[in-house]
Every structure is written in C-alpha cells, then in structure tokens.
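These are the structures, in structure tokens.
Look at the two complexes coming up: chain A is in both, with chain B in one and chain C in the other.
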Partner chain A sequence: MSGIVQVAPVWAVAAVLLTVLAGVAGAVFEAVVQARSDGRRGGLLAPVAETARLLRQPQRSLLSADVLLWRIGTAALPIIAVLMAAVLPFGSWVIADLPVGLVWFNAMDVMVWAAVWLAGWGPNSAHAMIGGYRFLGLALGYELPLMFALTAPAVAAGSLRMADIVAGQETLWYVAWMPVAFVVFCAAVLAFSLHRPFDAPAGADLGGGVLAEAAGVDRLLLLAGRHMLLAVGSGFAVALFLGGGAGPFLPGWAWFLTKTLVVLGVLLVVRRRLGPLRPDQLMAPAWLVALPAVLVQLAVVAVVAVARG
Partner chain B sequence: MAVEQDLVERGWVPALSPADADILCVCGEPAADLAGVLDRIWDELPSPRARTTVVAAADIDGALTACARELADPERQASQAGARNNDAGSPDSGDHGQMDDGDMDHSQMDHGQMDDGDMDHGGMDHGGMDMPMPDGIALAGQGSDRDGLDLDELQVPLGPVLPFWPAGLVLRCTLQGDVVMSAQADWLSTGPGAEATVADSRAVVVHQTDLASRLLRLAGSTDAAGRMERIRNRALASGSSAASHGPLTAELSRLKRSFLLRRSLRGVGRVGTDAPRPEAGTDVWDRLLGMVEAAVSAAAGVYQPPSRLSRQVDAALLADLAAGQELGRVRLIVASFDLSPVAALTAAAR
Partner chain C sequence: MLTTVIFAALALIAVAAGIVVFRTDSMARATYALAVSFVAVGAMMLQFGLDYIGVVTILMMVMEMAIMAIFMVMFMGMNPALMPMDMVHNKRGSLLIAGGVFVVLAAGALLVPWPARRGAPAVDLTASLGEAIMGNKMLVMLTVSPVLFATLVSAVVLANPRGRYRDYPPPLAAPGDAAGGTDHGGTGSDGGTAPHDHGHHGGGH
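And then the complex of A and B:
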C-alpha cells in the first residue's frame, strides 16, 4: 500500500465526478431510509426527482439581497468538497500529493464557515441569517476538537502528507489506538456538512434556516454541497483512521470506496437516531468533554510516537 | 391534517419555506387578514407553482392532482410566469418589508405538495424609523444585549403562518442575533371557524397527537413525530379512537425513555409555579408528555372538554416566557402550548 502516486491533473475531472456520485449515493441512501421510516417503499429516485424539480425553477432573489455574496456562499459548499477531495488518496492515487495535505483539508473545512455564513447573510432574511449565526455558534464548538483530532494521525505518521498518513497505517489502523480522535472526527464531519445533530442552522424551526430562501439551482447547490461534504468527510475518515485502501485481495481503490461508503452509511444511520443540538447545547460537551478527551488522546499518541522513535 | 395525510400517501413532502414550495394549498376560507398574508406567501413561491384552496376533505385528492398537472403543464406555467414579470418591477418587490410568511397550520390553512408552502421569513419590518432606508427597508436599530454590549436589533414578526405554528398567532419579536429580547403576541383572525361544541374522544386524540407531533418536529425527533402523525391519521380515518390506545401507550413509554429528547427539552419554558394556569410549574418536556398522556386517556375513553383560559392570558404568558430566549427555544415554547382556537377541536373532527 505504500507508494501512493500523484496522477495527472486531468484525473481531477474523475475526482469531481466521483465526489458528486458519492454525494448522490448518500442522498439516495438517505431517501430510501426516510421512505421506509414513513412506511413507503421506494425513495430510490427521490434525489433525482428533486434535482429535476429544482432545475426547473428560476433563480430567486429578494429585495436588497446581497446577491453576489449569497451566490458565492451557495456555490462554495460543493467546491469546497471537491477541493478537499483533491488531496484525498483514492486507493493508491491522489490528485495533489501536497506535503501539507492535512492542513489543506483543515483550511477547506474552515472555509465552510464562510460559505454557510454568506449563504445565510446573502438573502436578506432574518431566518436565513439566524441559520448563519447558529452555524458559527456550532463551529466554535466543533472546530477545536476537530483540529486536535486531525493532529493525532499526523503526529503518529510524523507527516502532514496524506500519503504518509495512509502508509503509516500499514501495520495497524489508527482507529485501533486513536478511537477518541476517530469518533470526534466523525462527529465533526457531520458538523461541517450540516447534518444531524448539527443541522440547527438549517432547522425546521427556522423554516430551513440557511435554506429558507434558496430555490432552484441555489438550493440544489446547497443540498448537494452538504451531501458531498459528508461523502468526502467519510473518505477522510477512511484515509486518516481506517487504513485508506489497505485490505486483502481487492485493489486499493475498491477497498477505499467500500470503506468510504460504509462509513457514509453508518454516519447517515447514526445521525437519524439523534436530535438536533442547539448551539448553546453543544459548547459544554464539545469543550468540556470532547476537547480534553482528544487532548489526552493526542498526548498518548505523542508518547507512543516518541517511544517508537 | 387530511392534506398532510394525502401528502404522505403521495410521497410528497411539506415545504418548510415558500422558496422550497411548489404548491400552496390553503385549507379553509381565510379571513381578510390572513388572505393578505397568503397572497404574499404566494408571491414568494418560485415558478413553476400552483395554488389551491380546499374546504372539504373529500376535495383534497382532486385538488392536489390538479396542482400537479398544472405544475407539469409548460404552457400554463409560461403564461403565469409572464403575468408575474409584468406585474412586478423587481422580483419579490414590495413586500419584503413586511413579508412574512407562510403556512401551515393544520387546522385551517396549509399546505400542499411536493412540498408546500409554508413558513416565514421574517421580513424585517423595522417600523417607524426615519432614516434613509435602502430599498425602503430600515436599518437595524441598536440596543444593549444581555451582557450590556451594544448590538443590532431586528424587529421580526414570527407567524402568522409558519410550519408547526398555531394558525393566526403573531409573535412580534425584537431579535439580537438569534436571541429574542422581547416579544409581543397577537392573533389574527384566521377565518370563520365553528365555535366549540363538545368534542368527542377521537377529536381529542387527533388534536393532542397533532400538537405533540408538531412539537416533536420542532425538537427534531423526526421519527417520533412521524409515528405520532401516523397514529393521528389512523384515528382520523378510522372514526374511532380505541384502536390508537395501544400505539399511543407504546409511544408514551418510548418518549419517557428517550434520554436525548428529555435532555434537550427539560427546563425549557418553565412556567412559574405560582402562575394561575393549569400548566404552572411545567416545562416543555412535561407539557409534551402531558399531550401524549391526554391522548392516551382519551383513547381509553376518559377525556375532559378543553378548558382554556383566555387568549390574553396566553399572550402575556408567551411574551414572558419568550423574552431572553434563543429563537429555537421560543419555537419550542410556543409549540408546547395548546393555542389553537377551541374550534380546532371540531375542525379536527370534520
């Protein structure tokens, strides 16, 4: 599994498609589960039908809307997801083997702050803006634990390069000795993709919050962006903690894809069991429980890393 | 409620905001106040769109099918879109100043289709300021927040039509960020509703499960809310409440076991113990359990006619509980009271 190679830039097209498809897979899975819980069959085509419906609608604007910033915020979510995917090793291939790949990922996830805030600010609507406020409130809670959770695999691998982190798990997957960092990371993936229990910014009590004013292609981009972020986040969970493409018999990419879809499915199922967290409910558990826990985890990893030389 | 049931059968989803809606389905004939609000909501629906009004439950299926056909008809949509461009200079013009929104309450007005209309948007109507205003919208005022910092204040009306909101209630809020600094509650007349007569046990089951499902939706317990709605729909369809006793009891014990839900609702909107009200001393969690318990005992044949204090008392209590709370908590608090006109009980039975 060592020897992750950087492929020609033209493969970025495939990476974009794959990110979109992974997002669609998540959306389809969610729709099917939702349909079953409503006592209906089907749901398989619901995301396709929704896409068709949204593409028929004209773009919508409101009086005094900050259209430029609104559109930027809306379009940013899927773009951020794709930019994250650029440094993600897909089996033994990666689009951009940056020496600071992990920092790149972190920078992209912080961009989500700006994107969601702009999407809330832009339409000049109180509900959307409160959605934006709420996201910042949540972000304040989850971001620090996320950063320290990211640090653990980097310390263990002694590198910020994604390829080195994957290679560092040849003997033992990081999840085995960094379970706390893994769990915190998965929670943060749900958070930066605005999924339960971190979906208060798009909550029903705000009429959809940051989604409240979005119609047509804007809404499509926001919804697609959420699903793509969740899918890419699952991919990073695999690369950082679950050995990347490591596995017997099958080629690396197949293992990577399988694990990613499993993580994605598990996250989607787990989130259904949870209620939404209001931002004021997140701070205490995030900073008083998750943050110290992940710091202890990091200390353990650091000691082990030093001991191994 | 029958509309909601029809939506579920069609696999359509209620929309949370007008922007997400294709169909505006108004249940019952709205009074003048509300009709104006509904027209503004209608203006906010993106094309293609369709609007319908249903008065009797028997008409729902036909009305929604007609809406679906209208949505799929490019010529009608094109002519409608053309008319829309002619009569408005700028998109959505005019009413952002006061707009507000959209839809649903179950007893009288509500929504339609593949999502449907509802919700609001807090238009900001900062009344009464005389500075130059961009596009006719006043700038935010300022005021001290809880920590004494000077922050922008927005005047945002919640209601009269919002998802999971009692029909006709308007809560005029002063918001700083997502915190409601002060609020004042009013009612719009929602339309000629039948005055309360004696409700039967099935109507009580339907009414209480409806209230509980709305509160659960707001609290984010989508699955529990869905189960509650199915119980409600079955009671509505079957004509008797006895069959819902079993599922309701199961649901009640399931609720009591749900640690996360209890944790998020405990202590929210606690009414002072000295308040001269039946809800004295309860919080949102207690009141949620109270709704389900009322439904359980009604299903067993034991129910009391609704005893409700005057709306003025409700308004004062709501304003008091809402002050200083985060908006999401305010929504939970409002949903935890039975604020529907007593007429809703008979409406439910229709």
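And then the complex of A and C:
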C-alpha cells in the first residue's frame, strides 16, 4: 500500500457525505435486523421514513429551556462525528493529516461529554437532565480505558499521526498483538455513541433521557449523531487496529470501507445481545478490570516497541 | 495576514467568552463559556505550531468543564447550580485584583525587550518544549504525576461519605434484593437505597 496523502480541502464535502451515509448504513442495517427479529420483512426504508417524519415534526419548546445550549448540544453530535472523520485515513486519502491526529480524535470524543450533557441540560426537563448526568457517569468509567487503549497503537507506531499508525501495520495488524486494546476500544466506541449497553443516558426507564424532550430536527440530529459516531468509531477501529486500507487486490479505500462496514455491523449485532448498564455498574468493570488489563497490554506493547528499537 | 486575522478573532472569542462567564446568571452557561474561552486559547496554540499542546488543551478543558458539571451537583449542598445565580462575589475586591493583574501583565508584555529569534524552531516543538521545561527532572515529573493523580482520586473518594464507607464494587444483590439492585426504575437506584443498608456500618467507625 502506498503512503497516505492529504487531499485538497474541497474533499471535506465528500467526507461529510460519506460520514452521513455510513451513519445511514448503520441505521438501515439496524432497522433490517430489528424487522427480522420482529418477524417482519423489510425495514430497509424505516430510517428514511423516520427521517421524513421527524423533518415534518415541529421542535418542542419548553418553559425556561436554555434553547441556545440545547441546540448546541443536539447539533454537536453529528458535527463531532465529521470532525473526527477529518483525521481518519480513508484508504490512502485523509482530509487533515495532523501530526497529532490520534489526540484530535480523543479530544473530539471528549466533546461528546459536553454535547450530551448540554442536550440533557438544555430542555429544562428532569428526565433529560438526569440522562445527561448519566452519560457523564458512564464517561468517567470508559474514558480512561479508552485513552490507554488509544495509546497502544501510538506507542507501537511511535507516532500520533494516523497515517503513521496505519503504515505501522503493514506487516502485522495491531489487533493481532493488541487484542485487549482493540476490545476496549470497540466497547468505548459503543459508549461514546450512546449505544447498548451504554445507552442508559437515553434509557427507556427515563422516558428517553436526553431524547425525552427532543422532537423534530432536534431528535433527528441526536439519533443521526449517534449513528454517525458509531460509524466513524468503527472507521477508527479499522485504522488503529485492522490495518486501515491494507488488503490484496482491491484499492485501499474499498478495503477500508469494507472493513469499516463489517466492524459497524458486528458492533450493531453485538449491542443487540447486551442489556443496558447503569452508570454505577460500569465503574467497577471499567476501572478494576478493563483499566488494569489495558495497562498490561500497553506495557507489553511498550516492551515490544523498545525491543524493536 | 490571514494568520493575524485568525489570531485576533480567536483572541476576541477568548476574551468575550471570558466576560460571558461573569455576566451570565446560569452556571451551565458560565461553565461552557469558560470552555469556549479555553478552546479558543487551544486553537491559538495550534497557530504557534504547538499541535500536541493545543489539542490537549482543548481536550482537557472540555473534559474539565464536564467534570465540573458533575461536581456542581455532587458537592453544592442545596444545589444552587440548577438555579439562576450571580457569578460574581466580592465585586470591588476582585475588580481591583483583576485590574491590577491585567495592568502588570500588559505592561510586562509591552515593556519587556523581547529577544530576537536565534536559530530555527525545532522539528518537534512538543518534544523540545518538554525538554526545556522538565529537562533532567523528567524522572521526578514521572514519579510525581501518578502520586498526584492518586491523591486527587483518593481525596474525592474520601470526601464522599459513600466512597468512604460503602463496599465497592457493590456486593451482588441477594435474591430478595434483586428487584432493587437491577431495576432501572429511575433515580432511586443511584444511591437512594444503598446508603441505608450501610448507614450503621459507617456510623460505627
């Protein structure tokens, strides 16, 4: 595979479209799987129908809502997904080849903290606000394991640049010798995209939590943001652990897209099999199991990296 | 030219957001206005070519403001954080201090004879900045940072009565208790029931 090149800024438009489409692919896949498990056929058009319905539905206005913060919170999720995608190498192309692309990704996933909390705070509704706080509770659990899981590929590649990390996997994909970091990363992707088992912030027991008061475009943006974050997160799983666009015969972008869609599909299937997790239930497994495990993983990676010189 | 314009715009955003922190009556707006101010500063650092420090500043500050939202509810007794409130206290004193500090810093920036650049910037600014700041004290820094982190975590754990006296992780619920333990029925499960069980235990210490 040839080196990864930075493309002209105009391609950012294509990146936005692609991020949206990847999110739609996830939503369609989920709808089809849901329809099949309900014993129905189809489901292909369910996300489209839902989008059309939400676009016609008026937004809700609530007494003493902090509309500014609310709108910022709801609009932020899709924007964060696109900003993440900006440093993600798509095959051999990347929009912004930042020397610290991995840290940029990390900064953007932390932005989700602010976005979900604001989306919960804004409407001046107890259910939504508790949903926002639940997300912060989960975030405290998953963020540190995620950060150390991100560190492993960076240490192995000796660089925080996404292109270098992809290039470092030419001989062996990182998933082969960093399985723990890979699993922790995938779990964190489900977490920062508010998917099962980390969907307590939008839980049905809270009447929808951060989604409780979101109607119309607000709801559409939140739901779309969740799917886009999951799709982009899958893309990062491919770039960080599954060799990026590496593969025989097909061009880099085709391999990258295929792998990303497979990871996305697997995550969507896995999450259907899991129950929701209360934020206080996450802390013990995250900090007492995942964090030490990923630190041991990191130590192994560091020793290997030093031994290789 | 464009760089200067962007720098000026970022500086204006940083200062304006900083002013909003004190003018607004909402803790949430104050918190996130402060985050915006810091994000603008982080973007300025990117302009200096300090990629890592700039992005980490954005990361840390956004995370810090989110954590602050948790502390707002955890530790502010009657929870004024959820109500409109005045963001300034001791107005005259703080105005004097702030004005004084500003004058000193501005005078320093204007009056200090800035040295002319010698040599070229290092290839990796982040690494050379780290070397310049920490240099041969790297081992001390590496030791101090986990100790500092552990201190912070234990301070928070000890400040929270439940953190001090309650079993963690919570013991698996007994069959009779299962409804309370695994039920997702709302806010009560966040701790409304648990301290009750361990109240006597805690008092005994």
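By definition in this document, the second predicted complex is superposed on the first by the 308 of 309 C-alpha atoms of A that agree within 3 Å, B and C clash if a C-alpha of one lies under 4 Å from a C-alpha of the other, contacts with A are read in each partner's own complex, and residues count from 1 in each chain.
Criterion: contacts are C-beta pairs under 8 Å (C-beta built on N, C-alpha and C of every residue); 3 or more make two chains touch, one makes a residue touch a chain.
None of these values were measured; they are calculated from a predicted model.
Have a look at where A:78 lands relative to chain B and chain C in the superposition and call it first, second, both or neither.
Once the two structures are laid over each other on A, A:78 reaches no partner at all.
Please determine whether it is chain B or chain C that touches the greater number of chain A residues.
B
Which partner chains sit in contact with A:219 here, chain B, chain C, both or neither? Use first/second/both/neither.
first
Classify the contacts of A:276 with the two partner chains as first (chain B alone), second (chain C alone), both, or neither.
Both partners, chain B and chain C.
If we overlay the two complexes on their shared chain A, which of chain B and chain C does A:58 touch? Say first, second, both or neither.
In the superposed model, A:58 contacts chain B only, not chain C.
Applying the touch criterion given at the start, work out whether A:200 contacts chain B, chain C, both or neither, answering first, second, both or neither.
Both partners, chain B and chain C.
Is A:133 in contact with chain B, with chain C, with both, or with neither (first, second, both, neither)?
In the superposition, A:133 contacts both chain B and chain C.
In the superposed arrangement, does A:288 touch chain B (first), chain C (second), both or neither?
Only chain C; A:288 stays clear of chain B.
Output the chain A positions appearing in both contact lists, the one against chain B and the one against chain C.
In chain A, positions 130, 133, 137, 200, 203, 205-206, 276, 278, 280 sit in both the chain B and chain C interfaces.
Write out the stretch or stretches of chain A touching chain B in their complex.
Per the touch definition, chain A meets chain B at residues 35, 37-40, 42-43, 46, 53, 56-58, 60-64, 124-128, 130, 133-134, 137, 196-197, 199-200, 203-208, 211-216, 219, 272, 274-281.
In the complex formed with chain A, which residues of chain C make contact?
Counting only chain C, the residues touching chain A are 26, 28-29, 32, 35, 51-52, 55-56, 58-59, 62-63, 65-67, 69-70, 73, 168-170, 184-187, 189-191.
What part of chain B is in contact with chain A in the complex they form?
Listed in rising order, the residues are 8, 11, 16-17, 19-20, 22, 46-48, 81, 90-94, 96-97, 102, 114, 118-124, 134-137, 154, 156, 162-164, 175, 177-178, 217-223, 226, 230, 260-261, 264, 326-329, 331-332.
Please output the residues of chain A touching chain C within their complex, sorted ascending.
66, 68-69, 72, 98-100, 103-104, 106-107, 110-111, 113-114, 117-118, 121, 130, 133, 136-137, 139-140, 143, 160, 200, 203, 205-206, 276, 278, 280, 283-284, 288
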